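Following: one structure in structure tokens, then a few remarks.
Per-chain residue numbering starts at 1, and chain names A, B and C are given in the order in which the chains are listed.
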Amino acid sequence: MKLVDLAGRLGCELRGDGEIEVTGVASLEKAGPGDVAFLANPRYAAHLKTTRAAAVILAAGAEAGRPCLLTENPYLAFARAVALLRPPVRPLSGVHPSAQVHPTAVLGPDVHVGALAVVGAGVRVGARSVVHAHVVLYEGVEVGEDCVLHSGVQVREGCRLGNRVVVQNGSVVGGDGFGFARDGEGLYHKFPQVGIVVIEDDVEIGALTAIDRAALGETRIGRGTKLDNLVQIGHSVTIGEDTVLAGQVGIAGSTHVGSRVTLAGQVGVAGHLTIGDGAVATAQTGIPSSVDPGAVVSGYPAIENRAWLRSSAVFARLPELQKRLREIERKVESLLAKALA
Amino acid sequence: MKLVDLAGRLGCELRGDGEIEVTGVASLEKAGPGDVAFLANPRYAAHLKTTRAAAVILAAGAEAGRPCLLTENPYLAFARAVALLRPPVRPLSGVHPSAQVHPTAVLGPDVHVGALAVVGAGVRVGARSVVHAHVVLYEGVEVGEDCVLHSGVQVREGCRLGNRVVVQNGSVVGGDGFGFARDGEGLYHKFPQVGIVVIEDDVEIGALTAIDRAALGETRIGRGTKLDNLVQIGHSVTIGEDTVLAGQVGIAGSTHVGSRVTLAGQVGVAGHLTIGDGAVATAQTGIPSSVDPGAVVSGYPAIENRAWLRSSAVFARLPELQKRLREIERKVESLLAKALA
Amino acid sequence: MKLVDLAGRLGCELRGDGEIEVTGVASLEKAGPGDVAFLANPRYAAHLKTTRAAAVILAAGAEAGRPCLLTENPYLAFARAVALLRPPVRPLSGVHPSAQVHPTAVLGPDVHVGALAVVGAGVRVGARSVVHAHVVLYEGVEVGEDCVLHSGVQVREGCRLGNRVVVQNGSVVGGDGFGFARDGEGLYHKFPQVGIVVIEDDVEIGALTAIDRAALGETRIGRGTKLDNLVQIGHSVTIGEDTVLAGQVGIAGSTHVGSRVTLAGQVGVAGHLTIGDGAVATAQTGIPSSVDPGAVVSGYPAIENRAWLRSSAVFARLPELQKRLREIERKVESLLAKALA
């Protein structure tokens, strides 16, 4: 593709020779001739001088000493460039002869069902969705259009996925929630988990993530929300739209996480809480009580991020503070002794 | 079912019209006509006034302004009501033609083996157990009676499951423990993991949980213990009876966790420790040394819960304390200067 | 095997009767007649007196009151004894008739492909490697010689594994990295993840561990590195040689972890950092910035381990410190009042 054509497709401003041919994508550091690279994180700006990239996607106003595409959002423009220059290979439509598709399942046009997949009774899969090898869809599952379910994904009975939902390998949608009623002798009895999971449109779920079905009613992941790998979503949790949960986050049962929330890696949220829209929790935060919309919290128990940063700085000096306190006690005792003398 | 009959089945005291027909179960908030709901968590008491439930299961002594079933343990009674009104659909007995069952495997009466499951040489599966699609049982595995193994579960060679064991999707029982011997040059050599895992009766294991086989001997999960999703159990760990491990808990190798212990979400326990019977660790606690029976611990390194709560409250005020310390130092210096003057 | 022969195979010094026959391996506590046991962790030294083991592998210089094999590294010697006395049973060579092997896949001599495994187009598997039942290798995957991939492992398109790589059950190699570009309206757009994962020789990966493919280029796990269960490796992470990551560790994208690093259980590392060679992080440490080679760090935010231990000790006494500060403030006010009087 000519650089000028790529600029047009991406809606970027072209600087330099638009007639050069671009054929690949790479990081600034690894790019070779023919590659388009990008700079979004200033941490990597030093590579601009040494890159061998044919062209660079940059923030409007920046310079690179080589052909550039300028845009307000270089990361987004580069994501689109990757999609254009390295288009995904879609598996062929059709059902692999080794797949086990129940006769009552309904597959839309151009669906792919891979080798040894299991599609249960009454399942519905929408047009153009890809059900990779070794996916298991229990009875009554509904999958929308243009979804991609990677190998090893398990979707339990009656759960529903919207359109354009992507699930990476090995994730489990709709496993039983963790509900047990304790009797007077301390024995636990299973609370049957008869609810479902609803995944709305444009959600992406990482690998080996577990989203439990509700005890009653629904567990729901809102439109556009993205979950990373090894995330735990308890039963009856509801999550809003365009929220991001990083790797190994855990949300206990019946908590509501709002829209445009960001929970960084390994954050834990207790049950029966509300995390307000736009809230942010930094990595490893432990959240024992509800969080206001827009709040930024850290630590365990979670407090306001700036307060936590200040307290953490003092924490590292606690032995020194303790020593100073001892010293001052000594001096005051001496003063008191004199005052009494 | 008539409400009076449900009351009889559950052993609850009936208040109000027992002739009404109840057909479903729901939360107070979502219940419609015909549904039975319940109140166990006082957090949701406000819904009692607005619920449209036909009847409510409540603690003895409470009132709901509508037909009620009174009991000392509403959550347990409701769990039983769910099992009665929404009975689980059990897959039909028999072996799916696509399953790979080794000729030396022995299946008890009324066992179900789902599509594309693999049952290895010498495996034994007890009466009425359900082995869902895409389960893999390595050679020599023993599964008791009335078990349910969901799709994607892997049970490694020689491991043994008791009766009424439930394993949610994708969990791994008996993967190799993490044992490597370091040589003088810093290279790690695998310590062959030749032990097994034993899961006793009435254990439930969540989704995507890993229970490693022992290096030698056994890893053992005691009767009635419940493990949530994404839990990590190291090799040679032993867990007592009726213990509860919440999501993303990790227990390092050779630790013994007692009976009736509760470890909340994301708790980590180091190796070679003993966690006494009845101990409790709150969420995200990190446990570097053994815990006494009945202790309640928090924080990392774990300390007694009430002490940790008090210290955490002070932590949030550390910058203020530091400032006060500086102030007092200034004042004392000034007093000392005067005293010397 | 005669004990004298075992001594010779292990390169240990024999003390006592070398003619006794040893047939099994066990811990000191569980050993019976005929078993070889070992003592490496002094925590278990008391068992030396009561063990029924036929012989014990010990550190040079120690005594056991029974036949012994003496060596500088008892744990390593015992690991080798286990391999000799309990040799692993290797599945037979050949492809199970129910496996789905693409005609363009190339399998080396003596490869095993288990029941219902899927081997995609253009895959290459080296000599003597074992691909267990229910493994899925997407198109273009390369697996070296003498590898073992356990059931439920998923390896995504184009990823490459070296020789002698072991992957426990259910792990995912090459799932899409967590990359989304946010537009001006707060919507997330997928950044196509077109890189791969490269696993070098002698790496072992635990169960249910997720290693994401790079957005561009490679995610790489260096020779001899060992990853435990439920570990999360973000896209474009690179890890050096002979590094150990314990259970539930998470490494965010584009971070470089050096060689001979040890990260204990549940450690989290932020993205775009460098963890120097030989660094150690104790359990649950949260690492928000780069770590120097050889450093030992703890806490969140991670600080030098000894400083953290000291600060943690003071943390537990914070309420007392606060009280002492109040007391001293009171006394100083009283002194000041007198001074002014």
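What we mean here is this: a residue touches a chain if its C-beta (ideal position, glycine included) is under 8 Å from a C-beta of that chain, and two chains touch if they have at least 3 such contacts.
Only a predicted model underlies this, so the values are computations on that prediction, with no experimental measurement involved.
Remark: rotation between subunit B and subunit C after Cα superposition is 120° (nearest 5). In a homomeric contact, the two copies may use the same or different surfaces; for subunit A and subunit B, under half of the interface residue numbers are shared, pointing to different surfaces.
Chain centres here are Cα averages; for subunit A and subunit B they lie 25 Å apart. Contact with two or more other chains is made by residues 116, 134, 152, 170, 208, 230, 248, 266, 284, 299, 315, 317-318, 321, 325, 328, 332, 335 of subunit C. Subunit A meets subunit B in the complex at residues 100, 116, 118, 134, 136, 138, 152, 154, 156, 170, 172, 175-176, 178-184, 186-192, 194, 208-210, 212, 215-217, 230, 232, 234, 248, 250, 252, 266, 268, 270, 272, 284, 286, 288, 299-301, 303, 307-308, 310-311, 313-315, 317-318, 321, 324-325, 328, 331-332, 335, 338. Of all residues in subunit C, those touching subunit B in their complex are 25-27, 30, 41, 43, 72-73, 75-76, 78-80, 82-83, 86, 88, 96, 98, 114-116, 132-134, 150-152, 166, 168-170, 204, 206-208, 224, 226, 228-230, 242, 244, 246-248, 260, 265-266, 283-284, 299, 312, 315-319, 321-322, 325, 328-329, 332, 335-336, 339.
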